[in-house]
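Each of the two complexes below includes chain A, the first together with chain B, the second together with chain C.
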Partner chain A sequence: MFKAKLKEAIICFGAGRVTLKYPFEPSPVPPKFRGKIEFDARKCIACGGCANVCPPRCIVIEDMGEVAKITFNLDRCIQCARCYEVCPEKAIWPTDEFETATPDKSDLTSEMIVWMSSCQRCGRCFETDNAIDKFESKRWRGRGPGEANKHGIFPVKPPIDFTLPGSLVREPEGEQVQ
Partner chain B sequence: MISDLCKKMLSKSLWLFHTNCGACNGCDIEVIDVLTPYYDVERFGMKLVGSPRHADALVITGSVSRQVAPALKRLYEATPDPKVVIAVGTCAVGGNIWFDTYNILGGADKVVPVTVYIPGCPPRPEAIIYGAALALGMVPKKVKPQREQHVPRGFDLDAYIARWQDTPVVTR
Partner chain C sequence: MSPETLQKKFLKGLTEQFPDILGKLREYVPGQLIAVLSRDELPKVTKYAVNQLGARFVITVATDQRDKTGDFGISYILAFDEEKQFLVLHSNLPADDPRIESVTPDVPAANWAEREAYDMVGIVPEGHPDPRRLVLPDDFPAGIHPLRKEYEYNTRFPSEPQNAPPRMPPPEGSTVVPLGPFYPTLEEPAYFRLFLDGERVVGSDYRGFYNHRAVEKLGDSELNYNQVPFVAQQICGICGQVHSCAYVEAVERACEIETPMRAKYIRTILLELERIHSHLLWVGLAGHIIAFDTVLMQLWRIREPVMWLMERVTGNRKHYSSNLVGGVRFDITLEAAEDIRRVLDKVEEEFKAVVDAVLIDTSLMARLKDVGILTEENARALGAVGPTARGSNVAIDCRVDHPYAAYDQLDVQKQVQDGCDCWARTLVRLYEVFESIRLVRKALDQMPGGPIMAKIDGSLPADRIGLCSVEAARGESHHYVRTGDNNRPYRWRLRAPTYPNLQAVGCMIQGVNLADVPICIGSYDPCFSCTERVETLDVNTNEIRVYTREELQELSRRKTLG
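What follows is the complex of A and B.
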């Protein structure tokens, strides 16, 4: 029995330190880690493929003639990297950055302004007129600033009543009304 | 002098109260994970407590639903000052994929003032440790918004938008 205990003790001493030295040493991410997304405005063609597949609709495109403004609301990005998979130009990619904690929520909103190519015949950018074509891009693409994803399914949320039904404090029995 | 010494010695021992406001349990597991011997935040004095009245920090996970919002407000009021509110996970930061659903408020900051946001779905345990350190002011902020534009030289976006809005829409 003593031998077995001694063996256990030797195993325990040989285990060494398991705790990660993270805050004092950098912690490398595993391969294929999906962190905060980054993008390149020089490669982007504003096709809207990323915004179409984005599950939380965090990529929103506003078309203004020859300019497309793409907003990334990273406060609701779930880092699924679907945008990276569908992008034909590989203009958006996930990085290794995971230390994205911030006291200010506006740090999590990135934006990109892309100059669009215009038609060689008519000299202006192609713009969808068809209502059915526009319906596909509803909630992620809009004409003009603030038009895309202006409202969700339920545009106006009703106010919340913060009063709880009934008090948690028990009233003294003498004051009960009979 | 003694009060300064106490502030210096006691400021880094953060007691956490963990609140699930409608999370999928993913962030909760990550919060528990930082307490395991592998990540071990107890070496910094952080530990989970069972009551908000004992806590210095509220750890909120989950997109705050309408049902849980009054309880969260009450919980915030029960926590003694000074207090730190840490929103862990994309749900508590911005509402995740339910940001515009009827029963989701879309983030903990709609109900209580949040000190530090930790995005991620779920965030890494290292990211949670980093966020807690950021709340205590031990590490600098690293993230910043990325703003890029690929436009001709001398381009002014506001002037262009004003000019573009005056042009009539050409339809076929």
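What follows is the complex of A and C.
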């Protein structure tokens, strides 16, 4: 009994201080960390790949003909970074930001409107190595219950070089294609 | 059927008793036999296999397959652990009369599974000794079975409070002490009613499943193959990798996808690291439950570097998001492997010092030895799994019995104790940490090069069945996947390890003192919320009401006395 307590005391005294000073000092994250996602409207081609693979469906894409509206409800995000993985243009990526607590849900919601045109670059827009990722999620474009897409592959619509005011400015097509 | 399977002992026993079953057995996936039986045969075969041939009852899977074949399906999954074999006994029940004879009187482990099959799909277990509502909320409308396909995942049902299941009457002369609905030391929802005679527990009643999350319904209706692993890993805050791994392996087995060996090794390494930090967490918690907080503080200090390691290796402390059908998403690089080795050396050294102290600490033994006895016989009968079973001398470990990932190449040693008490269960976990450290090192040494993702072309075949059991830190986590059309699972069933272990609690706490109940329940590492994964139903209206302290007190008194 005494011996055990002595051993335990040695362990306790040997431990030293282990707590971090966070939040009074910053706590850096490792390079692979998947934090809050960030996106670039100028790169997005609205192919819908991210919305299709998003497990909690925090990315929703609405096909509105002329434009596609992409909504990010980051309060649902589980930080798996699947969107980053499938994005053909790398227009969406995880950042180091993890302090996302907020009293207002709308702080975590954003919308992106991308102008669409008729198909010019089909075949390049959403290609993954993994066949399963081409399978269309049910209702990913707000279809009615039970309706499933019969095509297997996305109806891909690349964007037009069209200029929108403010932050949604799209740069001319030529600059983007690599 | 493969020639090896035909040689197996259980099959001889089975065919002696039921000669015509041999023609009905099919083996689509190695190690998994499927038999379609009539509804009269199924209970007979189940009872015989469990009680005469030593099969372990795993789970039932009730399926609403009316859109395909016009009837309901029920599968009883049995495991022959020594012979590395799963046996699925399936029966189709007519849609207008889905009844089946209950096996619970002879196979007590089937108790909850049959009640759940009734609650969720409406398969009536005839002759069930305790057919009370199990998983649905108290005020869920009667006669509605939410896993049937006609209900959408977000259907809202009216509240009918009169449907609350009756509570078990306490034995004559005993006092009822409620423990819950929030379990005091684990901060999870579970409601035990303990029947006390003085200080001694003479009986108990459990009501849980407060934390419904609809994952099975989502898997059946909404998600596609590669979305499910990420939902599966959210089932548990500790064994996320276990659930996602079990799911993807089940799909891979069903669809015969050849996963690259390197991917399997990466899964194995992550699983073992998860076991290490889970066991360290549990030993700390056990110390906390018996008010020995030095153990809690020191063990969690030792554990934290493992969490940081996981963050560096996978990008997240807990939800690694590593598994996809066909492989894993990221590699373990040489630097990461060095990092893992370095952290494990430190953890092993520090943990060994703690174990040396704890093993001779008589104050700890006084609280744990001969407390919460679960005899070997009861552990087998109630289908206990994991360290709970291994502490009762039941040598089952899925890493050896039903190898998955790369475990068949690692030569896992089962850790078994015969004390049958809380101390034995503690010892199993302490020794398993060292075993896991050894396995990670061995896996890092043996890991072959090559791709980490299989090439998958085209769609996955429909109507195949895949099973996978993964040994979580707390026991066997079992996943069943039936593939469907439109490239999504038709039925995804999962059983968390706490599900069978929780059924053994009543047996474990029988006769112990009230003060020992928390450690008894804590000793099988319960994860109440993982067990509760079925149907989400917000039955409340949108009305928000703030209770005052007095009102809450009054409410809780009424609840306790009523």
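Just so we're on the same page, the second predicted complex is superposed on the first by the 105 of 178 C-alpha atoms of A that agree within 3 Å, B and C clash if a C-alpha of one lies under 4 Å from a C-alpha of the other, contacts with A are read in each partner's own complex, and residues count from 1 in each chain.
The rule is short, and it goes like this: contacts are C-beta pairs under 8 Å (C-beta built on N, C-alpha and C of every residue); 3 or more make two chains touch, one makes a residue touch a chain.
All figures in this text were calculated on a predicted structure; none of them were measured in a lab.
Contacts of A:K32 after superposition on the shared chain: chain C is touched, whereas chain B is not. In the superposition on chain A, A:D133 makes contact with chain C only, while chain B stays out of contact range.
More residues of chain A lie in contact with B than with the other chain of the pair chain B and chain C.
In the superposition on chain A, contact of A:M112 is made with chain B only, not with chain C.
Once chain A of one complex is fitted onto chain A of the other, the partner contacts of A:A15 are limited to chain C, with no touch recorded for chain B.
Look at A:A81: by the touch rule set out above, it reaches chain C but stays clear of chain B.
When the two structures are aligned on the shared chain, A:K5 is found in touch with chain C, with no touch to chain B. Shared-chain residue A:P55: touches chain B and chain C both. In the superposition on chain A, the residues of chain A contacted by chain B and by chain C overlap at 18, 29, 55-56, 78-80, 129, 145, 152. Across the complex, chain C is touched by residues 1, 3-5, 7-8, 11-12, 15, 18, 29-30, 32-34, 53-56, 78-82, 85, 129-133, 135-139, 145, 148, 152 of chain A.
If you check the complex, the residues on chain C that touch chain A are 152, 221-228, 230-231, 234, 294, 297-298, 301, 304, 311-316, 319, 321, 324-326, 329-330, 350, 353-354, 356-358, 360-363, 453, 455-460, 486-488. Across the complex, chain A meets chain B through its residues 18-20, 22-23, 27, 29, 36, 38-42, 44, 55-58, 64-65, 67, 69, 72-80, 97-103, 105-115, 124, 129, 144-145, 151-154, 157, 160-164. Within the complex formed with chain A, the residues of chain B that make contact are 37-40, 43, 66, 69-71, 73-74, 90, 93-97, 99-102, 105, 107, 109, 111, 115-121, 123-124, 126-127, 129-131, 133-135, 139, 141-152, 155, 157, 160-161, 164-165, 167, 170-172.
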